[in-house]
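The same chain A turns up in both complexes below, where it pairs with chain B and then with chain C.
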Partner chain A sequence: MAQHFHRSMNTIAKVSIFGAVFIIGFSAWLLLEVNRSSNVTNVGIALPQPVQFSHQHHVAGLGIECRYCHTSVEHSAFANIPPISTCMNCHQQIWFGAPMLEPVRASWKSGQALEWNRVHNLGDYVYFNHGVHVQKGIGCVSCHGRVDQMQLIYKDQPHTMEWCLSCHRNPAQHIRPRDQVFNMTWKPEDIGETQAALGARLVKEYNIEPARKLTSCSTCHH
Partner chain B sequence: MLRISRGQGRWRQVVWAGVAAALLAGGAGCKQKMSYQPRYDPLERSETFNDRSSARPLPAGTVARGFLRDDPEVFLGRKENGDYATEFPFPITEEVMRRGQERFTIYCTMCHGFSGYGNGMIVQRGFSPPPSFHAPETREKSVGYYFAVITNGYGAMPGHAHQIPVSDRWAIVAYVRALQLSQNASLDDVPAAHRSALDAPPPAPMNSRSADPHSANSHSGGAR
Partner chain C sequence: MPASNELEPSVSPTSRLPVIGPGHTYASINEKISAIVLLRGTTFGWLVGFGIAFMIFMMMLGSISYLLYKGVGVWGINNRVGWGFDIINFVWWIGIGHAGTLISAILLLLHQKWRTSINRFAEAMTLFAVACAGLFPVLHLGRPWYAYFLFPYPNTMGMYFPQFRSPLEWDVFAVSTYASVSLVFWYVGLIPDLATLRDRARNWFTKTIYGFFSLGWRGSARHWHRYESIYLLLAGLSTPLVLSVHTIVSFDFAVSIIPGWHATFFPPYFVAGAIYAGFAMVLTLAIPVRWVYGLEDFITDKHLENMGLITLVTGNMVGYAYIMELFYGWYSANEYEQFMVHNRVLGPYWALYVALIVCNIIAPQFLWSKRIRRNAWWLFGISMFVSVGMWLERYVIIVVSLHRTFLPSGWGTYAGTFWDWTLYIGTMGFFLTLLFLFIRLLPMISMSEMQMLLPGASGAPQKGEAKS
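Up next, the complex of A and B:
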């Protein structure tokens, strides 16, 4: 009776039994890496927008404060984008005829809202509250990066659950004094403190819940 | 021989079916349907309404519970007889002044300048200059007048009611009064115990914005 398998199958069989562990491991690693990459998280990618609005020009160049436009960031669950009337506060006179601003003027005349592409968008199963993060001393820059240096807005941090938990497990590493939340360049060294000491003190002062509670499922998914 | 190879084929079918099932399951998981639930996020696009906005304007005359604006002195800056209010509707404490300073810095300095002379950045870029808060005719205006101007606008200045809540508008008026006092005061107006503070370097603004000289300089040539 003839041999059904060639002799080389012995080696192939041994290698594939041994290699299966690595193949499965590699596949799992690849899946996780893809999910953390910009292809999925959009970190560093400027989405197409109806107007090429530059935060760098308005914030760093002109010195307009975040809250002049984003009025609800301190108290609302939703950090608003401004209505067209806020743009028109200045642009009724400044660069009124600029072609770049045509969509703004068209929206102003017609009352039809300008449709921006949302840059920071969490899954509908996450009940994120923007106001509480500001009130508890999380700086804009911690989650949004140096918006004052962005000519086009993009996501600076992945905003994955892993990323959220990295702070919820130990908020002291990111808490800052409330009056410095909107300061893009603040550092604990500016007031002669270390983040560890200052963070631990502010966590107590601002009554921030313990990690056990902050990492509970129902804190964000309720 | 034939029988054995048929058996091999069946085994292979089972493996491929398993792989296909795993891929299908994985692919279905990637749709993230829970991420896009059939409800609106704030400001989300809507196909239901003609203006494509899920944020609906309030019908005329709508009053949210607890938000009835029945006191013209507080909400309009005017007395019952229509004259501008001459007094603040609540006591002015240090807390109110600090709030006013912070909100003035956020909402007013771009045009009125940090000291209220009307030379802010937007004015430097070509916007109609507002009157100085320190001109005699501006100083004479009552607090209710300032409140009404912030609320409804005046001249080239649009109303800022949708950006600044009522209590903050009053706090800003209080801070404007403090600015006016500061630019028209003599050394005798400063309590003796506080005079040494005048020699100290000025404190940084409460919410010092991007103070990064690099980013500011890099833009100086790009004024549009």
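Up next, the complex of A and C:
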């Protein structure tokens, strides 16, 4: 009986087994990478905003402290986006006529708030609380990056659940003294300690819950 | 074994009935079974049957579409009864699948020759039943597009492993393992037969398709050696699955604290029920198929009788479990357990309980009679009763246990809605559609294994008994 398939099918069949493994493996890897890329997480991407507000200029250049604008960050879940009057505290005196500030003046006159585009946007099913993180010694820079060097604000960290848990599973690696929370450049070496030793000490001192509790579902998803 | 080449039918020592009709040769088996696929063509009767099944299948897709559009609120589930038709049907379908694995794996290892002509069919039924079963828990998630959350994978949530403390998670692995092992087992068994179809096919397209799936099978000694090894290995791998899958399904209930669910005897009770339902379904399907395709030589009355016996045995095990349920309720001395028993038998769903007892305990008692066991249409009727009864059993366990639990203020009732019924009946259409395609496209009886039943056959490992 004549062969129905050409003899090359022997090779094709064997190669296709490896090919299938490779294609499936590659697709899986690609999917995982895409989900962690800034296409999905928005890390490093500045969103369009009504005013080209520069954190670099205001924080590093002028030395304004975080809490001057983000007033409720120490005690509330929400850090607060300042009302336009906070801007006008200074800008009714300086750069009053600058064209860049036109949307700010318009908002001040009309009473219509500026509509900023939210950069750090967690799912509605996540109950993140700024207050507790600040009180337990998590520095602004740990989650938001070097805001003092950002001309336009962008996400420095992916803010995925995986990323949250990396700290909740071992908070000692990121904890710092409470009085250094707003310091953008603080390092444990500044006070002659290692993060491991300092972290372990502060976890006790600040009564930080064990990882078992910090990683419970209901800690963040009430 | 006599050296003669006389092709006497192989007779099992335990019964007077043969497992293969008289006068068959290697060629006649191949001819008869492959003709159903290759020569018979698409008959009008097949088209009508397939058409009806396909329309019911379309109804299922319609019901699922509406469910996805509106959400699980279209079902009858409510605050009190959170598991309704979705879980009833899941357990029912999964149970039906069990006969396939039992026939293909355990009976193979036990050298039961009568499994040979029904194993292909029963395995296909297993696969299709598992496909139907798998739909329900996924749809019942509410947002089924997140079903992949159930599997461990390196996700961005940092939870590479799902919640393994939940029996519902065990289900995912039990059922997916079961489905994949059953599929591989079924496919490996098909390879020699696919090669036969390839060799007998008369047009290029058919030859290519069967040739592709027969993976270059030439029937050489080396091929057979590997085939037999892998087939036995897979049989060994499937054997624990017969017990484990429904054990784990029963954990969905037994691990909770609901009276009527929280019982240690649930795993064996569920496994017996699954095999019971499975054999009833094999009978329900095999009897019409053997009649339509004239396969009385291959699916003999001996097969029917043996399946009837297993149905009788497992049916009585299930009956024992029903009695034990009542006994445990009383013996627990716990008012909630006692109330559960009272409510199950005399509560608002008493009629379902009575129907359950009639279908599952009384109906199989007819199988004590040898005349009934050997009568195909009696068996067909009894197996229909059992299929209905096993569905009622899950209804009683799930709905009747849930609708009145600890707090009377939380009591309520439950009934399936239009969408529950269309989905349930629709899955039967899905099942039958697959079954019609299977009968049309694949050899429904294993030709190569049937040939091993002939006295001249050389002893394959699982055929040791045939030599004596």
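Criterion: the second predicted complex is superposed on the first by the 218 of 222 C-alpha atoms of A that agree within 3 Å, B and C clash if a C-alpha of one lies under 4 Å from a C-alpha of the other, contacts with A are read in each partner's own complex, and residues count from 1 in each chain.
The rule is short, and it goes like this: a residue touches a chain if its C-beta (ideal position, glycine included) is under 8 Å from a C-beta of that chain, and two chains touch if they have at least 3 such contacts.
The structure displayed is predicted, hence computed values, not measured ones.
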{"item": "First (chain B), second (chain C), both or neither touched by A:4", "value": "both"}
{"item": "Dominant toucher of chain A (residue count), chain B or chain C", "value": "B"}
{"item": "Which of chain B and chain C A:184 touches, first, second, both or neither", "value": "first"}
{"item": "Touching partner for A:158 - first (chain B), second (chain C), both, neither", "value": "second"}
{"item": "First (chain B), second (chain C), both or neither touched by A:175", "value": "neither"}
{"item": "Touched partner set for A:84, first chain B, second chain C, both or neither", "value": "neither"}
{"item": "Chain B versus chain C as contact partner of A:220, first or second or both or neither", "value": "neither"}
{"item": "Touched partner set for A:113, first chain B, second chain C, both or neither", "value": "first"}
{"item": "Chain B versus chain C as contact partner of A:138, first or second or both or neither", "value": "neither"}
{"item": "Overlap of the chain B and chain C footprints on chain A, listed as residue numbers", "value": "4"}
{"item": "Touching residues on chain A, where the partner in the complex is chain C", "value": "1, 4-5, 9-10, 13, 32, 35-36, 40, 158, 160-166"}
{"item": "Contacting residues of chain C [partner chain A, same complex]", "value": "153-159, 198-199, 207-208, 211, 215-216"}
{"item": "Parts of chain B lying in touch with chain A, wherever the complex brings them together", "value": "4, 32, 34-37, 39, 41-43, 45, 51-53, 55, 105-107, 109-110, 121-122, 125-128, 156, 158, 160, 162-164, 206-212, 215-216, 219, 222-224"}
{"item": "Residue numbers on chain A that touch chain B, as the complex places them", "value": "4, 56-57, 59-65, 67-68, 71, 78, 80-81, 83, 85-86, 88-90, 92-95, 111-113, 115, 118, 121, 123-125, 148-149, 179-180, 182-185"}
